[in-house]
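Both complexes below contain subunit A, partnered by subunit B and then by subunit C.
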Partner chain A sequence: MVFSLGVVLLPSTISSIDAVINRFNDIMGVSVDITSLILYAFTVSAIMSLTLVVVDETVNTLYQERHLVGVLQTVLESTNLRTYLLCQALVKPLILALTSTMYLAILLPLIAGTEGLITYAYVLPTFVVSGIALGLYALVIAIPITFYIQMKRPWIIANLLVPSLLAGSGLYIPMRLAPEILRLIAQTTVLPYECELLRIMLLQGLGPNVIRFLAIITALLAFYTSVDTWLTLTADKHSRNVGV
Partner chain B sequence: MNSIEVVDVWKRYVASEGFRKKRVVEALRGITFYVRKGSVHALLGPNGAGKTTTVRILATLLLPDSGTVRVLGFDVVKQADEIRKRIGVVLDVAKGFYSSLSGYENLVFYGLLKGLSFSDARRRAREVLELVGLEDMGASKRPYHSYSLGMRARLAMAKALLTDPELLLLDEPTLGLDVESARMVRNLMIRLAKDGRTILVTGHNMFEIEQVANYITIINRGQVVADGAPQELKDKVGLIHKITLRIAGNSLDKFVSALRYRLGIEKLELEQAGDTSTVVAYAKARRGDIVQVLFDLVREYNLRVLDLSIMEPTLEDVFIAIVHGAARGA
Partner chain C sequence: MARMHIPSYAVAFVNNIMWFLVVYIPLVLYSPDPLTALYVFMPGVFGMGIASSSMWTSTEFLRWYLYQGLTDMFRECGLGVLHYLLSAIHIDVLIFGVFTYLSMAFATAFFTGLSPYLMVPHNAFYFALAIAVALPTYLLCGSLVGYLYTVTPIGGVWTNIIQMGIMVGTVVPPTVAPDPRLLLLNPATIVAELVRASYSANTLDINTIIIVSIAVIPLYTVLAYLVSRSCEKYIAVHGLKYRV
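Moving on to the complex of A and B:
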């Protein structure tokens, strides 16, 4: 939160706040006031926490539960792997999306009153959908790491992936200005489209542009779901053949 | 009626031995056995015999390569979900729970996974904690990582009993436990068996198995080498009984000769002290036959029996004889 606010408003310490707002408006191609700018800064900070918790939790927890803590076998005594992975990819991200962005429900109305509450009401569904999409995306990485590839420190993957995704998705700057390699990595997720969607919604208001990004996010969700379904069935068969 | 039917089951693993070097391990080689409903059935065998693989197949955690396995009438390959709902499993007493959660919280979580409602899961968690004695130890609210091995084993048993299952699969449930915890687990097994539950238990402690099991299957190198009730196994093996007999009376020499002849005794020691004699003999015969011969001879030669003991082979003796016999035959 502080980081987000700092990234947006820190330059005002060496110049004036008006200069920062003007510069921001120039880069983004919008015309917003200081309140909207702060609302935007706080809202995008939620994407950071959301990405961090969902990707990290999904990738690392599955590996740890199988290899380190050893509870996966106990879990599978009660339920099947398909149900368990479905919970990892859908239910947990849903809960994490709600809990990791909950602070906005208090913060945004405090800053901007009713406008803040309305902002929260229409960014929340975006976070929920993005959280689930990130969960499904993370599962595509988590299943091979957990069941097929032998790695000594698999958590490195999540530790490298999350900053790359955040940097390449145009969180604070338009995506076209982000380094190409990071942009390519980020484009495999819903994050850049979510950022664009939020930017439009928060800085320009709801309009026809929103539909394009919603369509991309939906298509990615469908793609992840298909890949995850195949991976989950394969992992289920594999784990019952060789043991958990 | 059988709770478990395992027919001609094969299971192979590919074990990795370094880079690009792989070896096929045949964990089970056509294993067949049945577990009767309401029995306590012990699955015995040396390390690597295939006991845990068998239990994991029965618990639907592993698929057999070939053969048929039915648990409570359901096929382990096609109806795994039905089986999971109806069984309780203890596979590793030392782990399998979330370390930062308390025993109670872990049980509620696993109860929910088993399909219990939240209120039922909480109620059953409290009941089974009481049953295994963790509530009395004040451990139910403590985080799992602070549990001793004995407490972990109790919690594992509690988890297996959450849904009040009709079949329990217990893989070495007392491994590494202190005397008190092992006794608790043993007594619990006896109590559950009296309530009519079917229990399949594996282990290495023959004293314990002899106490709880009413049927035994011995496997070695993935094959069944013997099965039957403990006494049947002892009879099948026909191990030597040690007879110690203190008698008084005349015709002792005739009695000893007849005893040698009738029981085919090769080794016999005779010790005389005053009017009484002590005969120590090693007979390779069934206990019932020995008793009958002794009874007949004592009457025939008009002797007075002062003391008699017939030491039968322990289950450990039987197990070693069977496993070594199978190894020699292989």
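Moving on to the complex of A and C:
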């Protein structure tokens, strides 16, 4: 929330709010008022909290479960690692997506009344799908770190990955204006497409372009699921051979 | 100690740049005058960064090291929070603070289509004075958070709350207050204003800032000593509990 307010309102402290809105409209190629602008900024900021919790939970928790807490032995005794890891990557992000964006359910109606509530109703499913896809993506990174690579400070990965992905996704700006190298990294995730999707839905209204980005997000979701299915199977075999 | 922290400094350096790119690229792009926006908003990062790193340093000493028994070892040798801050001040302010700020400023200018050279301070005296004021500011902010952390039960939350407060006057320019001079109560404001002055973008009168700067250097040093001594006395009497 602080980030959103900063991005939208701080420039007005050295000029005027109208000048900032005009500039925003020019860059985005839209024509919105202050309410829509704030509604957009707050909604997009939910991507930040979603990414933070999902990536951090997936990458760091799995490492801690194996190296610090040592619960994976219990997992292997009761089921297999593949089922456990896939369930973790699918169920945990679902819960995190709902809880980390829950504040929008209160905030958006406060800003824009019924329109805010409607906005929340149609952005929530996109957050849930993107959250799950992000969880599966994070698992692709978490498995090598946890099972195959010896790292003294594994928290470095999540610490650097989250801001790099957010900076490259064009969170508050069109993706074309994001730094190129970071954009390439971010394009391996659903984040830039989620940002574009929200931009279209909130600033231009529902249209055919929405389907395009939904299709990309769904395709990435399917791709990560395939990769994770193979990776978790390999991790399971590896753990049974060398121990957890 | 410094060698032990090298990976943390390296990660924090990249991490800070990435996070500030997330916010500062849109902030500059949505400002009708991007160069003025850089000169007004960017110096706040330096002031806030100095205060934040001091607060995390004292939190490290009183919280994380406590868990590992290192705080007790330091205290047995007669070394308290002020000594720990003094042991890190040259790296946190002179190397990490200055280098991170300049790198962030260059990166933001570059990615927003401006020349990075524009972010080289135009007036070296004001920039040097900002660094000189940053040293006692670092000691004071760190000691204050250390004291609050010691005498109150809420622990690390203080660092987050005070960080938010310190934003006003640094990242958020003093002009937002009815009387901008009120924000000189925030120690980091003076540092930020001096850096702004080095770009001729100060929002407060430069003569006032210089007079206040000369006064606060000894004042903050003495205050930091007194606060950290109170902190030590409290620990000697009541002990220190580890809190998450």
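Here are a few things to note about the model shown:
Operating definition for what follows: the second predicted complex is superposed on the first by the 243 of 244 C-alpha atoms of A that agree within 3 Å, B and C clash if a C-alpha of one lies under 4 Å from a C-alpha of the other, contacts with A are read in each partner's own complex, and residues count from 1 in each chain.
What we mean here is this: a residue touches a chain if its C-beta (ideal position, glycine included) is under 8 Å from a C-beta of that chain, and two chains touch if they have at least 3 such contacts.
Note that this is a predicted model, so its numbers are computed, not measured.
By the touch criterion defined above, A:Leu76 lies against subunit B but remains apart from subunit C after alignment on the C-alpha atoms of chain A. When the two complexes are superposed, the chain touching more residues of subunit A, out of subunit B and subunit C, is C. Judged by the touch definition given at the top, the superposed model places A:Pro11 against subunit C, while subunit B stays out of reach.
When the two structures are aligned on the shared chain, A:Pro109 is found in touch with neither subunit B nor subunit C.
Residue overlap on subunit A between its contacts with subunit B in one complex and with subunit C in the other: absent. Within the complex formed with subunit A, the residues of subunit B that make contact are 13, 56, 59-63, 80-81, 84, 89, 91-92, 95-99, 110, 113-114, 159. If you check the complex, the residues on subunit A that touch subunit B are 69-71, 73-80, 240-244. Looking at the complex, you find that subunit A touches subunit C at residues 2-3, 6-8, 10-11, 13-15, 19-20, 22-24, 27, 48, 152-153, 156, 159-160, 163-164, 166-167, 171-173, 177-179, 182. Subunit C contributes residues 7, 11, 14-15, 18-19, 21-23, 25-27, 29-33, 36-37, 40-41, 111, 164, 167, 171-173, 175-176 to its touches with subunit A in the complex.
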